[in-house]
Amino acid sequence: MSFLCTVAVLAPLFLILAFLARTGLGALNWDFFTKIPGAAGEAGGGMANAIAGTVVLIGLAGLLGVPLGVLGGLYMAEYPNARLTTLARFTADVMNGVPSIVMGLFAYVLVVLPLRHFSALSGGVALGVMLVPTVMRTTEEIVRLVPQSFREASLALGIPQWKTILRVVVPTAAAGIVTGIMVGMARIAGETAPLLFTAFGNRFWNWNIMQPIAALPLQIFSYAISPFDDWHRQAWAGALVLVAIVLLVNIAARAAAARQVKLR
Amino acid sequence: MVQVMEDVRVEKHSAAALIDRTTGIQAEDVHAWFDKLHALRGISMTIAERQVTAIIGPSGCGKSTFLRCLNRMHELVPGARASGRVLVDGGDIYSPNVDPVEVRRRVGMVFQKPNPFPTMSIYDNVAAGLKLAGERNRKTLDQVVEQSLHAAALWEEVKDRLQKPGTSLSGGQQQRLCIARALAVSPEVLLMDEPASALDPASTLRIEELARELAKDITIVIVTHNMQQAARVSVETGFFLDGELIEFGSTNDIFTRPKERRTEDYITGRFG
Amino acid sequence: MAVNVVGAARSSVRATGDRVFQLLLASMAAGIPLIMGLMLVALVAAARPAIERFGVGFLSGSTWDPVAGEFGVLPFIYGTLVSSALALLISVPLGIGTAVFLSELAPGWLRSPVRFLVELLAAIPSVVYGLWGIFVLVPWVRTVLTPALKGTLGFLPLFTGPPLGIGMLTAGLILSVMVVPFIVAVSTEVMRAVPRSQREAALALGATTWETTRKAVIPYARSGIVGAIFLALARALGETMAVTMVIGNVPQIKASLLAPAYTVSAVIANEFAEATQDLYVAALVYAGLALFLVTVIVNILARVLVFRVARGPGLIRE
């Protein structure tokens, strides 16, 4: 009976993947990757600017989230008994459960209101704030696994603690840290809600981070709820690309994790 | 002619090339705690220079704790502290203006389980102490790495594969690598915490032989739970029990004519 | 020849190095509580006009009329709660069943692939679920499920109304697919954390595998499983895109599950970008603040429960 439960749980996965493959592949073509959206109702056009926009947004989010997340996670791992560590860990776990749309509201108040218009920057902030707790926790977990004996060996050579952390502990945990970052980024790449009123979307090319920018999930959403068949097909294509990216990053993350120095 | 050749041999195969100076250690009334647990009670001991001194005793007697007080590693454990004086070359390493990091450079340590840095090659492992202290000169590093590996009796086995990972070696070789790594920073004393207990018998004998050889140039203190090893390797031995130094004397005396009842009981296997 | 490092002169420099580094790291770690605090402050500040105007009545008012300046979020709360409850109703039994399979019954070689597939379910973006919801699930609900339900249980007020396809039921269905991975992941982990001795004791008394699971494993892991349910609930409450694409987005409170509805996150998603007047924006932020606080509380409860049994949700990062 529990086997049937498993089948029922996994069935939608296969259904979705099948639909993505069938409908999405049909609409994938060279134009999709190179052109920007056409006029409403017109066939043709693509999501090139949306894909580029997603890359820009992830880059911005990474700038904010990765240093904070990795260094914060390092602190938590190296000083596990500090009160700050308990507080940070608790807060990070809570933040991981906050709805992403609330992150969008936060970025709106913080960036969009003062600037008086939507921007890629605000989208990056919203996504970055989501990235920090994820990266912090994965970094903390992997660094904590680094056996104490390596730290001791380094300290016993007369190497100060900060160098021990930077030059011995971090390289040992590097692959795991990178894996955590990649998985976090794959997750925020698919987020739509926090971008609805921050990055906002853009029908044209835009490389100015102070202006609204297109993003793949946003484009998929607006096409999906539009009345145009061609746009529906493109939405499936976009969804296929998005899921493919997420899948690839997850697989790459597993491969990177396998390269992680065995810590147990 | 013969004289020159002998010097060359001394240059290459012993630790003399690396070790500037070596000294004995004088411990005076050393106490150590783990939070409330009083792990060492007033240990006073003189460790002579240029010889192997062994510390024996049953599990939990405080021998490793004492060793770690000699290079200020004990205090790294959260909640741990130590008191007393430990004189290395006449200077108390616990005196307030002494840098513990510098102490650890001067008093090196090799651990029970070999722990070469996993992301570094054999070469980088040995050079780690120097490189991380800022040494950049390639020639200097090359020279020290070679001398250290010679001193650790590992050079012949790894000279052709210095760039291979440190972890690609066998257990015994890894431990000798760790010894080379410790020697590369030119310590004045080398502490060994049960260095062979994770190794097979053949490797164990090699480590013991190495310890005796190294003691010609550098003071060695070895903690061991293996009494036969202590008997084979050391000149003087200290017997610890429940955080106290019960007896200290020449190895010969300790094992054949112990003065204390408890020492005798331990040696004859009545406990521990 | 030996390398000599200068002694005590460097000691103060080194101690400072350690201190500086520790402070740097600590300031980064402090960033997270600071961000969280900032978030709370920012949301409260932006919601203030609406909080002052409507107070707690905001949560019980059932009129949402931006034009007239009347903002009550009861219909949205209703939509959020019912769709989430529906999602749990479906996903909890299925999820626990799958967890039982993974933790007790599945052969070793099957565990890894199945866990990977469950992780994949959790990794699919919400908008993709929504897309599939609009074009696959909604038609299916309209043409297959609704007639079937009406045919059998149509006498219940739960299943009255025209078969639109979109509505509370569809939203509940898609939410259940999205939250089931959390139930599976956490439940599996807490079940596997049950010590062997418990299972062995039951088996030694002659229990079957199923009885062992039921009597020895699940009770032991119970608080962890409840924690998993709370985690899934928090997730369902906050889910936005997939829900807004299939629920119909009509702010109303109807008994029938076949009727369109609206959730808190959906209304923010749909109306925020267009909201012009300050009170409108403040009302939406107020709604977001309420959602934030509720999900935080549910999350905290969940973690307290889970951490009592297992080390924590390790399989899936939310």
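Letters A, B and C mark the chains in the order given here, with residues in each chain numbered from 1 onward.
Definition applied: a contact is a pair of C-beta atoms (placed from the backbone, for glycine too) under 8 Å apart; a residue touches a chain by one contact, two chains touch by 3 or more.
This structure is a prediction, so every number in the text was calculated from the model and none was measured.
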item	value
Chain whose Cα centroid lies nearest the overall Cα centroid	A
Chain whose average C-alpha position is farthest from subunit A's own	B
Subunit A-subunit B separation of Cα centroids, rounded to whole Å	49
Between subunit B and subunit C, centroid-to-centroid distance (C-alpha), Å	55
For subunit A paired with subunit C, centre-to-centre distance based on mean C-alpha positions, whole Å	18
Where subunit B touches two or more other chains, by residue	101-102, 105, 133, 185
Interface hub residues of subunit A, defined as touching at least two other chains	158, 160, 163
Sequence positions of subunit C contacting 2 or more other chains	5, 14
Interfacial residue positions of subunit B with respect to subunit A in the complex	71, 73, 76, 78, 101-106, 108-109, 111, 113, 115, 117-119, 128-129, 132-133, 178, 181-182, 185
Residues of subunit C touching subunit A in the complex	5, 14, 17-18, 20-22, 24-26, 28-33, 35-36, 38-39, 42-43, 45-46, 93-98, 100-102, 104-105, 114, 117-121, 123-132, 134-136, 177, 180, 184, 231, 234-235, 237-241, 245, 265, 268-269, 272-273, 285, 288, 291-292, 295-296, 298-300, 302-303, 312, 317-318
Complex interface listing, subunit A residues touching subunit B	81, 147, 149-150, 152-160, 163, 167-168, 171-172, 174, 261
Subunit A residues within the subunit C interface of the complex	1-6, 8-10, 12-13, 15-16, 19-20, 23, 67-68, 71-76, 78-79, 82, 84-85, 87-88, 91-102, 105-106, 108-110, 113, 129, 132-134, 136-138, 158, 160-163, 165-166, 183-184, 186-187, 189-193, 196-197, 200, 217, 220-221, 224-225, 232, 235-236, 239, 242-243, 246-247, 250
